[in-house]
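Below, chain A partners chain B and then partners chain C, in two separate complexes.
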Partner chain A sequence: MANVSVLNLSKNFGTTTALDRVSFQFEDGKFFALLGPSGSGKTTLLRMIAGFESPDQGSIHIGGKVVDHIPVEKRDIGMVFQNYALFPNMNVQANVGFGLRVRGISGSEMKRLVAEALELVRLSGFDNRQPDQLSGGQRQRVALARAIVTKPRVLLLDEPLSALDRTLRLEMEIELKRIQRDVGITTIFVTHDQEEALTMSDQIGILNEGQLVQHGSPVDIYENPQSVFVARFLGEANLLRGQADGKNVKLEIGGTVKTLSKPAYPQVICSIRPEKISIQKEQEVHRSNGNRVAGRVNEHIFNGTSLTYLVQCGNLVVKVFVQNLSGEVIPPNSSVHLFFRPEDTLVFPDA
Partner chain B sequence: MIFLKWISRIYLICILLFLYVPILVMIALSFNESQLYRIPIEWSTRWYEALASNSKLHSATLNSLTVALLSTCLSTLMGTAVALAFFRHDFRAKRLLQVMIFPPITIPWLIIGTAMLVFFFWVGIGRGLHAMILGHVALSLPYVVIVVSARLKSFDSALEDAAKSLGASYWQTTFWVTVPWLMPGIIAAALFAFAVSLDQFVISYFLAAPGFTTLPVEIYTAIRKGFTPEINAISTLVIFLSMLLLLGVSRFYRFGGRN
Partner chain C sequence: MNQRAAILSLITPAYLWLALTILLPLSAMLYYSFLSDVPIGNREVSWTTENYRTFFEKAFYSELMLRSFKLGAEVTSICLLLGFPCALALAKSIRGRTKEALFLLIILPFWSNALVRIFSWTMVLRGNGILEYSINWLLPGTGPLDLMFTYPAILLGLVHSYLPYMILTCYISIDAIDNQLLEAARSLGAGKLTILFRLIVPLALPGIVAGSFLIFIPVIGSFMEPRLLGGRNGTFIGTIIEDQFTAVFNWPLGAALSFIMMGLVLLILFGFSPLVRRLK
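On to the complex of A and B.
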């Protein structure tokens, strides 16, 4: 186990900038998610840590030592690929034992370690299966067992769950997290799925166009996004344009709101999460503190535990999540007021 | 539509007849007692017996097999390495090199043979076994590169990445992961190379030395001196060997489409 740090990494492919001066510290034994839209440089960063790509600039440390000139096979990493990359000419045992064989471990010692790893991923007894006799989820587990059987210093995963269907993915998320906790290995997990990143990781780094735009714990990033991009990419956000008006913001859709911080630009965007908004029928309004916006219900989506309202406010549709406490539903076309706290009203410059 | 279907069937039958009738006639005549192609055929294995005591044909056959075996080993090794290099690396002039592999297929053998003969004499290699092996390697190399490259097209290079991430060196990755996966392609390529060498006449003719000929060259010489049904017999044997090789190739190599 070891911590990994990347310092000022840059990489260009021709004229595309895949990574732009990325610095980050991956702490020992923690689970990190690298989250970003497709093409944001996640794979490039991961492959660079593994040693498959060399940076144009910057350096990488594993366990406190510079590894810039150490080839992949000497970096002591474990990696799980998007399509598992199991060796098709080898059975499960040979696949999992590959890294051991390379290290000169064979015979009963190899068998013991392979059995241990297979037990960890709950595939005991699958030793003699061929990869094409396994389901997607099982292949995934074999790939994971193969990557950790050599007890590498860091585990790298590139969208390992994206090829699985939804139920299996949720199951594997839990499994992966359990295994990571059991083994205590520093893990870097690449994904474009925000839910995956939120539920699994200790720390999230968000990449956009090759830059690390924000990092922190899931709660921290979710509650305190530093930009409109992050607010919108991680979770959902209602974005309301407005103009700074002293300490307040005058919204384009009407109404003036107080924000968490004082608006520092004349043109701003306010961001409010749908679950931080409460909704009341106009006739029944009994709250007056906090921010308030008037609107009319367009439609609602009922899914048992909660309700989603789409509320027309001016020319904008605002999304509101409500817990199903009363069992009452506000019908479409009702005039409503939306309430939200100033602390939940984040303000960003309008680019 | 039905009309077209029949036309195409007849066409196919014509092609098959055109291809196989001469061969079938030759096989039939090799079992004919008469030397003068008298019909009806009288069954006899006389010409095959005659083969057994024809030491010239024996040594020519042995030479053919030696050249085929050695040149196949060399060209399979080299051709696989070339295909792997093209697959793994991007380098300047790669395209040009890829194109330059092919002339042995496109340039007439007569011209290549002449060029080789002149060149080999010029650098002092001369004619004979080693010259012929060199010539046949040059000829079969493009086939090996093509067949192995075709197999590599469906190779997932993530497998090599996976092997390296698990600590495998360049050679371990090559011999434990890539080559085993390529094996059907490599075997097909080797059979191809073997067949190319075995069937080669023009270049062998140029590079044959007095006292060192191959079977096709020996057959040609024999025909020029005067035809005997012995030639039918040896040709029949060669045909069966070639067919066997072809069966071997088709076992490992998909000819276009899926089968």
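On to the complex of A and C.
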């Protein structure tokens, strides 16, 4: 177990910049998600920590020691690949025991450690199966057992759940989190799935175009995005353009709203999460404090536990999530008012 | 039903062709191998197993057969030792234009006539030929090499002819190995040799086996290289069989020897089949 830190990492592939001066501290024993769209550099960062790519600039420390010139096979890492990369010419036991045999551990000691690892991933008794006799979820567990059986200092996961169907993925998210907690290993997880990142990790780092744009706990990043990109990439956000008007913002779709912080630029974008908006029919409005925007219901999507309204406000469609408290649905074409608190109205410069 | 007709129409021409060109001549040869003489003109012929008995009665033939198998094994081994590393580098390290150019160089021998290739070797290997001349020019006083008409000369010619088969079959199976497997092995702490012998070689075994048979079988029956490059030392079962057909005019014996060789090759194939089945 060890903490991992990267300092000022940069990497170019030809003329494209994969990573641009990324610095980050991965604390010992925590679960980190690197989240970003494809091409954001998250996989490059993971492969650099593993040692498969070398940085053009900057350095990587594992357990307080520089590893820049240490090859992959000497870095003492565990890695799970997107397609699991199980060795097809070996059975489950030989796959999981591979790293042990390389380290000179064989015979009964190897068998004991392999059995322990398989028990941890709940695959006891699968020792003699061949990889092609396993389901996707089972292969995933074997790959995980193989990566942790050598007790590496850091566990690297490259989109390990993306090949699984939804039900299995949700199950594996919980399993992976449990195993990580049991083993207490520093884990770095690359994903493009925001839900995965939110539910599993202690810390999230968001990458865009090779830069680490924000990092923090899931709640922190979700509630306090520092840019329009983060607000849109992690969760959903309604983006309303407007002009700064003293302490307030005059919206393009009509109306003036108060924002969390004083708008610092003349042209701004306000971001409001769909679940932070409440909706009321025009004739039943009984609330007047906070921000208010008028609109007309385009359509609603009924999910049972909740409702999603698409509300036309000027030339913009605003999304509103409502908990199904009353069992009442506002029909399309109704005139409505949308209410949201100034604290939930985040303001960003309009680029 | 429609699909069945379509499949039949796709495979029938090829199988018909194979039946006509392989089975018919082969059955004719099988027929000859049991005759006492070539049935031409008014010669009197009768059924006999003497041709087959000759092989087992005269040590000369089985010694030659052994010599041919040894030649086949040696040529195959040399091709494997030279070809596998080359295929590995082509599949996993070399990219783009360089790879295309190197592939072209491998396939180049296929573009020239085999006889021309072998004759050009005689120019290189003969006394005071290109090779001797160059070596003596570089290292004066080396003297004659006496390579022409020797066993090494035959090896040289055969390896030259068959090396591309080994490179190509190995390349195909190494290229099919997912790079993530090799990365996974490295992440688990495996060094280069461990990766080579525990992953790449086992996973490339189908290519190695295919390449080996593609080389071994024609080499044991080869007669051009042994004859032209081996001279007096170039007597193998292949050249003896050729003699029976072209010089001695004893087709029945030539046919019988061919079938014995085929039987032995099939035996070896069956010996390897458990290994090949395990690879699937």
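Convention: the second predicted complex is superposed on the first by the 351 of 351 C-alpha atoms of A that agree within 3 Å, B and C clash if a C-alpha of one lies under 4 Å from a C-alpha of the other, contacts with A are read in each partner's own complex, and residues count from 1 in each chain.
Criterion: a residue touches a chain if its C-beta (ideal position, glycine included) is under 8 Å from a C-beta of that chain, and two chains touch if they have at least 3 such contacts.
The model shown is predicted, which means the values in this text are computed figures rather than measured ones.
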item	value
Simultaneous placement of chain C and chain B on chain A, clash or fit	clash
Touched partner set for A:R146, first chain B, second chain C, both or neither	both
Touched partner set for A:V72, first chain B, second chain C, both or neither	both
Partner chain(s) touched by A:F52 [first = chain B, second = chain C, both, neither]	both
Partner chain(s) touched by A:F81 [first = chain B, second = chain C, both, neither]	both
Doubly contacted residues of chain A, that is, touched by chain B and again by chain C	50, 52, 71-74, 76-79, 81-83, 85, 87-89, 98-99, 102-103, 146-147, 150, 156
Chain A-touching residues of chain B, taken from the complex the two chains share	156, 158-159, 161-169, 172, 176-177, 180-181
Touching residues on chain A, where the partner in the complex is chain C	50, 52, 71-74, 76-79, 81-83, 85, 87-89, 98-99, 102-103, 146-147, 150, 156
Touching residues on chain A, where the partner in the complex is chain B	50, 52, 71-74, 76-79, 81-83, 85-89, 98-99, 101-103, 146-147, 150, 156
In the complex with chain A, residue positions of chain C that touch it	178, 180-181, 183-191, 194, 198-199, 202-203
